[in-house]
Amino acid sequence: MADKLPLSTNPFDDDKLHEECGVFGIFGTPDASAHCALGLHALQHRGQEAAGITALKGDEFFTKRVLGQVADNFTSQDVIDSLPGNAAIGHVRYSTTGDTVLRNCQPLFAEFASGGFAIAHNGNITNAAHLRKSLVQRGSIFQSTSDTEVILHLIATSKYRTLMDRYVDAVGQLEGAYALVSLTREGLIGFRDPLGVRPLVLGQLEKSYILCSETCALDIIGAEYVRDIEPGELIVISDTGMHSVKPFPEEKPRPCIFEHVYFARPDSYMNSMSVYEVRKRIGAELAREKHVDADLVIPVPDSGTPAAIGYAQESGIPFELGIIRNHYVGRTFIEPSDQIRHFGVKLKHNANRWHIKGKRIILVDDSIVRGTTSLKIVNMMREAGATEVHMRIASPPTAHSCFYGVDTPERGKLLAARMDLEAMRDYINADSLAFLTIDGLYRAVNQPKGRDNKAPAYCDACFTGDYPTFLTDQSAQDQNERQLDMIANSGA
Amino acid sequence: MADKLPLSTNPFDDDKLHEECGVFGIFGTPDASAHCALGLHALQHRGQEAAGITALKGDEFFTKRVLGQVADNFTSQDVIDSLPGNAAIGHVRYSTTGDTVLRNCQPLFAEFASGGFAIAHNGNITNAAHLRKSLVQRGSIFQSTSDTEVILHLIATSKYRTLMDRYVDAVGQLEGAYALVSLTREGLIGFRDPLGVRPLVLGQLEKSYILCSETCALDIIGAEYVRDIEPGELIVISDTGMHSVKPFPEEKPRPCIFEHVYFARPDSYMNSMSVYEVRKRIGAELAREKHVDADLVIPVPDSGTPAAIGYAQESGIPFELGIIRNHYVGRTFIEPSDQIRHFGVKLKHNANRWHIKGKRIILVDDSIVRGTTSLKIVNMMREAGATEVHMRIASPPTAHSCFYGVDTPERGKLLAARMDLEAMRDYINADSLAFLTIDGLYRAVNQPKGRDNKAPAYCDACFTGDYPTFLTDQSAQDQNERQLDMIANSGA
Amino acid sequence: MADKLPLSTNPFDDDKLHEECGVFGIFGTPDASAHCALGLHALQHRGQEAAGITALKGDEFFTKRVLGQVADNFTSQDVIDSLPGNAAIGHVRYSTTGDTVLRNCQPLFAEFASGGFAIAHNGNITNAAHLRKSLVQRGSIFQSTSDTEVILHLIATSKYRTLMDRYVDAVGQLEGAYALVSLTREGLIGFRDPLGVRPLVLGQLEKSYILCSETCALDIIGAEYVRDIEPGELIVISDTGMHSVKPFPEEKPRPCIFEHVYFARPDSYMNSMSVYEVRKRIGAELAREKHVDADLVIPVPDSGTPAAIGYAQESGIPFELGIIRNHYVGRTFIEPSDQIRHFGVKLKHNANRWHIKGKRIILVDDSIVRGTTSLKIVNMMREAGATEVHMRIASPPTAHSCFYGVDTPERGKLLAARMDLEAMRDYINADSLAFLTIDGLYRAVNQPKGRDNKAPAYCDACFTGDYPTFLTDQSAQDQNERQLDMIANSGA
Amino acid sequence: MADKLPLSTNPFDDDKLHEECGVFGIFGTPDASAHCALGLHALQHRGQEAAGITALKGDEFFTKRVLGQVADNFTSQDVIDSLPGNAAIGHVRYSTTGDTVLRNCQPLFAEFASGGFAIAHNGNITNAAHLRKSLVQRGSIFQSTSDTEVILHLIATSKYRTLMDRYVDAVGQLEGAYALVSLTREGLIGFRDPLGVRPLVLGQLEKSYILCSETCALDIIGAEYVRDIEPGELIVISDTGMHSVKPFPEEKPRPCIFEHVYFARPDSYMNSMSVYEVRKRIGAELAREKHVDADLVIPVPDSGTPAAIGYAQESGIPFELGIIRNHYVGRTFIEPSDQIRHFGVKLKHNANRWHIKGKRIILVDDSIVRGTTSLKIVNMMREAGATEVHMRIASPPTAHSCFYGVDTPERGKLLAARMDLEAMRDYINADSLAFLTIDGLYRAVNQPKGRDNKAPAYCDACFTGDYPTFLTDQSAQDQNERQLDMIANSGA
């Protein structure tokens, strides 16, 4: 694996938040695993480090999970043939290095007394450690460190009798964000947490149904988008049709707003909006809020492009390609001992120096996390001859960690948690720096009045620190740390 | 190799002409091979199927050649350490399937009586078969089917005494296009054919000099662009400095115009022009020549983007992303038996359907070769809801084969060689189709009067059929075929 | 894996019974995993298809399990470094094709509430299916199909409090044969089933102790043989020393007699006897019981060699190499379409034709299972010019399946279960065929009066059908089959 | 390659001379390459590091050459199918580390003006460097460092017209030892040097003919041994039959005597004798010449076994297995830091300690090269409890390098070139040491009067220093070294 670097949708992705997973399930076609592989390929941007498919034929389950990408592992006839049957679920996974081992990859599978059960999960269970501890004390043996396995053991040890009752009993104990797809002999099961933090959509292809994270996974197989699975909705698709229930009390939904800023693919349709158009509107809002005069608007490729187009159209300054991407992967080259300037950045990008020399430029990026890459880009532009470099960010400052299935650095590493605006500007070496306001962002997602602070329409905790669920494990950890601090401070 | 597909700079590259090679040489730094690897990475778009580096330390030559890409093979410390010394040359190669075997990969190496000699070549020798035949009859044993090996044997068997005299004697017998870099104990040698069909530039990084195909390979290592190597110029770089001669009579240069249309990277500087700006000018010329009213200008990614920006700016119609690229490679997925519409195209692209629905669109692409992909794109747009699809091509019709180091399909498969404009429009299912004129193209490359038909400033044989050199092997083959035709027609 | 064939200790191993596992554990040296790798290498003949090591450093467990051999997977510094700590256990495994998947490989590991626990097992639990069914109904989730995992879940769900009490509670529920080594934070645990069917010995190397299947694994690391672990003995080796208990009522031991015939390495010392000398005595018994006049005594290599030497010395007929082994592995060559005689045999052996031509020969082999290979060897000898071929087998006819961790074909495929002696002789095309008597075999293992049929000193079920334990799962299966037969016969 | 160790026919092969090559050619069967793969497998002991096959179908040649063994690379249907046609030649190669690169592997191939030509060679050309220098000066480009390539260039540049005349012209310039098989459109060509140093035999399988190094390669495919190719004989096998000529003056043959001592497989038939029987006679001679009283005769496995059997039968002392070989490969295990005694030896062997303890033993080995392994074996025996260890060597002291295709260490490393008998005995720590006399060896190979010093019947240069050919390159090298010595000594 060492030499093989994951491609990224975002060339400067070293400094981006990462969606941790994508899920896909299909029921009702003899080509289930071939469709599943394609759907996962379309969702690869949601998780590039591991992929897996479980297929079901009759009573038999077939699973292949790998570290690596879909296109490198699920494309041969042999592999597809080894995953037979009319239904399949799949998963792509991003994760921090330590945990990326095969046994943590999904779908997970368990053989219950009632039969086999496979599950794939996008999100994060915020009380998983707490639940796990109880289960181990009861004699459950875990085979992974994945929080998803908790769900399996909760079902296995539930006091209820039928599988569906056990399933509801299990998910009812979970806190956090969870878009789940499961496969059993009784059908394909989908469930989205009551706040609907992570997305899950329903599609149809002739007589088969699909559950997946984004509509782009429907497009690739030619399926129609039917509707979003609603927050708190449990859906079961089987030979007898589609059945939907909402087993828990309804709450006001809080879908993740960052999907619109960066995670989702621009060609997806989410929460009844085109992701591309939302991003263009974000760029236009940014131009209205934080304009500065310049010669060129340049996107930080590729994630900043729709916002940059929106900005350019609103401001009337021409949109130009100022950074050229090398389409060949290459993050690990040996740097010559004479130290190349902007080495890391140059492996994937080059300034379009013959065009930007002598120009005042506006760089548009979707977000800043640590700021390290922003600095490199600004410097690369300056060295190529730009006379002024203005950075415009298509979202508010990212100042808080996400606990709902997004990989965020610890808070202390977030630039916006450490510095004020002027210090950030100085750090990234820009002539000016501006972020979109939170209200501007809400306006772009069809909330014309901006954020309703009493009942916000989205989860925006990464910008506001307003977490919509309990964070049981986090609280326990914080408490431990506080206690340790107290002991440390007590002079022992 | 089977499962591993090369990335392409052009997502729809199934229907593009391919540059067959890129070369890079550096002299005068202990990091020679590390720089060479980086330079080749920046030139990977010129040849994705094989790569090689030869380094020289003292009297010893070290070579590694692979089928595969630079970033997959030349990035470990071990590999770089296995290529020590102060000078190195490298090569990236595209080639048709049958020939891509390791022994055809470059740099080629030979041990002459005078010492070792390595060579890398971009171009094509149009009398290689003829020369090879004579050499074999004299007792030379060839180890490859590459035309480049002919040069080695011509040097080995030359009647002259010194290596440089033998080198000049050898290249003097070549017809065709050849930008060569060679490595000997006496230094780094560069040579560009008298017409300068293929590019070769000189760069400098502190005390070391670089010869390479494009300036983007200088940028990645932080080197300065010095000048183009002139057509017919032989340059030798050694510890005693840089020496340049022109051993053959000068001719009016004919550099390849298609480098500006598609081959070169947009961030390169070629023939004293920014490639990006030329492409924007081409788009603007196209808008002036062949405009049509519409709602959106959409580039066929990624090669059509600069021309589409130029077109949009000239025409005032907004530039929008109508096709979203999947950054993950995937040309080999198993197609489900229920046959997905536009399957092949969808593996790499998706229509931005939520944005283009109900719109009249202008698609801008750089060229059409077979037309098969254009048809798929147009249909994908229509199916996503575009009401009108107008195709605009940023070059004249490609109607003739190239024999100068570019992979072209046999002439009978070129759409423009088979059909007139209306038939082509019908074939690709567009509402309208228009190509840039040859004069428009020349205007964009700083020839304000258009093409000088008596003494054209570029090689444009792929558009005009006007080949600037003898085609000895081709003539022999044609003659054989004509004779076979005569025999066939004589009633035997 | 497909092309890579396991080497075999026995060249004609297609027709041999296979020991299914070997185990090794060591405690008290910083080189624990390096010693473990060597020990497993010495035990490779007990299981060639998979190997694994779990090491323990402080509280952390490190595991590597592979399909393949020790020498191919546990020899690099990297691998050994990835298995740090002062204690380690390891396992080599043979198994039937369907089950050889990584998740069935050992050591198995579980994280109990009390901490980590790793286990490796040689033998077979004859009520594993029965126990597993109950555990799944209680909510235990199994990750393998290995019977060993039952032990983990029995410990996890035991009502007892301390780990050792839970361990004893768990093994007390097992039927069958089980030599176990386990690793916990509290030390290295060894246990041998109350009949001692499978071997387990104790060794010492300076301050560290070793538990392993055979003494040859002590020799390779230079350790001293201390004694055999006794049947029913539970031994715990930790920083506080070695503790031994016998938690269950004692029974008369029944160690496997086939270890002496074939499984164990000739350089091992087992049940207080040299394996090599026992085999020579078996050969001498055979010469006394079943002699025939001939010119040469020829071993079937390599397992027949000690018995052949014993036979030759007792009979006075010269011992000669009549079959030459090709030391290079090669069971998968493509057979030419013109069908080579004795193709399969020839890939590994060749008749020493220039020596045996015109001679009357006695072939000595350790056992006959299906008889297919015996036929090939006899024919190979005849074709090479032997005038008479007499087969002498150094054990009684193998007529019953083993359920104690030995891979035996289903009974119907055992030659001795299908035919009488004359039919067997005819089948293998020998001039004469004779087996050692069961009493002769017992005499060779130091039971001068032969077998005590009321209380046999060994498990000899493969020869006699006298199984020393319950066979719960087997009975259930037989009962199912009988019921199915009854239904089938009832005319339904 | 690093982790993959070659198996060896001789377990203690670290201290053996190595045959450098084996050749095989077959003509006249559609299964040519499948037979060739089998034949090479049977010859694998002659060269374990590389293997290659060239097949000829019509006018087309197909070649696969690999670093590695036949059984790992030439056993799949795909590979055999990729080598179609009615004729094939193959090669196995041993070589010193530096040279084992693919381009040095055989068969070599060249495309002459007259058509393709493939060649495989066992032996060594003692004037290859001299010839190569002339060829390079004439303009020939070498692609390998193999001496065999010289033959190709001599043919390519020969002044003669027909291929056979060119072939004879070429081999007529060679000095040294060369058993050659070649494949051309005109048929299969075999040639053995005029002294017949290296073996080459003719076999027949129905209508096809085989040329190969040893008869064991005929046995594996069921072919009949016809006769040895005679020294100086050129044989051509084609559709028109078999033609044989002797183009050069006849000389008294000098086949290699060491083939009988160690190189050839014991089941081969060479120079009209069974190799096995010669080795037994050698053992018997040794017992007659150098007997010592003891309890056991123990072979050093596996090469010492036939001589040990001969010794035991002649002396009446029982033949026993005192060293047990681990059949699993393992030379690269990490040695624990506490340093295991006889670590290297133990990876492959173990003393049969429970049998040899307290015994006086005679160890029989075929030869001693450096003596390092002999020391380890003697010590291993002592440590296992042997009270006396007597080493008996089944050949005279190996005191001279071989220049005829056998890998010998430089002379200074040969134990017998450095020490007298008593010093050798002391070095290997034996109670006594004795070698067979040169006359005893000749008696065993059917020369009842011993060696005829005026006209020896064999090449025995490794024992006597009496080289039967010129050593042009060696002389040049010696001269250079002498000159350098003179300069050095002259005080410059």
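Here are a few things to note about the model shown:
Lettered A, B, C and D in written order, each chain numbered from 1.
Here, a contact is a pair of C-beta atoms (placed from the backbone, for glycine too) under 8 Å apart; a residue touches a chain by one contact, two chains touch by 3 or more.
Keep in mind it's a predicted model, so treat the numbers as computed, not measured.
Seen from the Cα centre of chain D, the chain whose own Cα centre is farthest off is A. Look at where the CA atoms of chain B average out and do the same for chain D: the two points lie 51 Å apart. A separation of 38 Å divides the Cα centre of chain A from that of chain B. Taking each chain's centre as the mean of its C-alpha atoms, chain A lies 63 Å from chain D. Contact with two or more other chains is made by no residue of chain A. Taken as a graph of touching chains, this assembly is arranged as a ring, one closed cycle with exactly two partners per chain. Pairs of chains in mutual contact: A-B, A-C, B-D, C-D. Taken in their complex, chain B has these residues touching chain D: 110-113, 136-143, 152-153, 156-158.
Taken together, the chain D residues at the contact with chain C in this complex read 3-5, 7-9, 29-31, 34-35, 37-38, 41-42, 44-45, 48, 69-72, 74-77, 80, 205-206, 216, 219-222, 265-267, 269, 274-277, 302, 305-306, 309, 313, 318-321, 324, 326-330, 332-338, 340-341, 346-347, 350-355.
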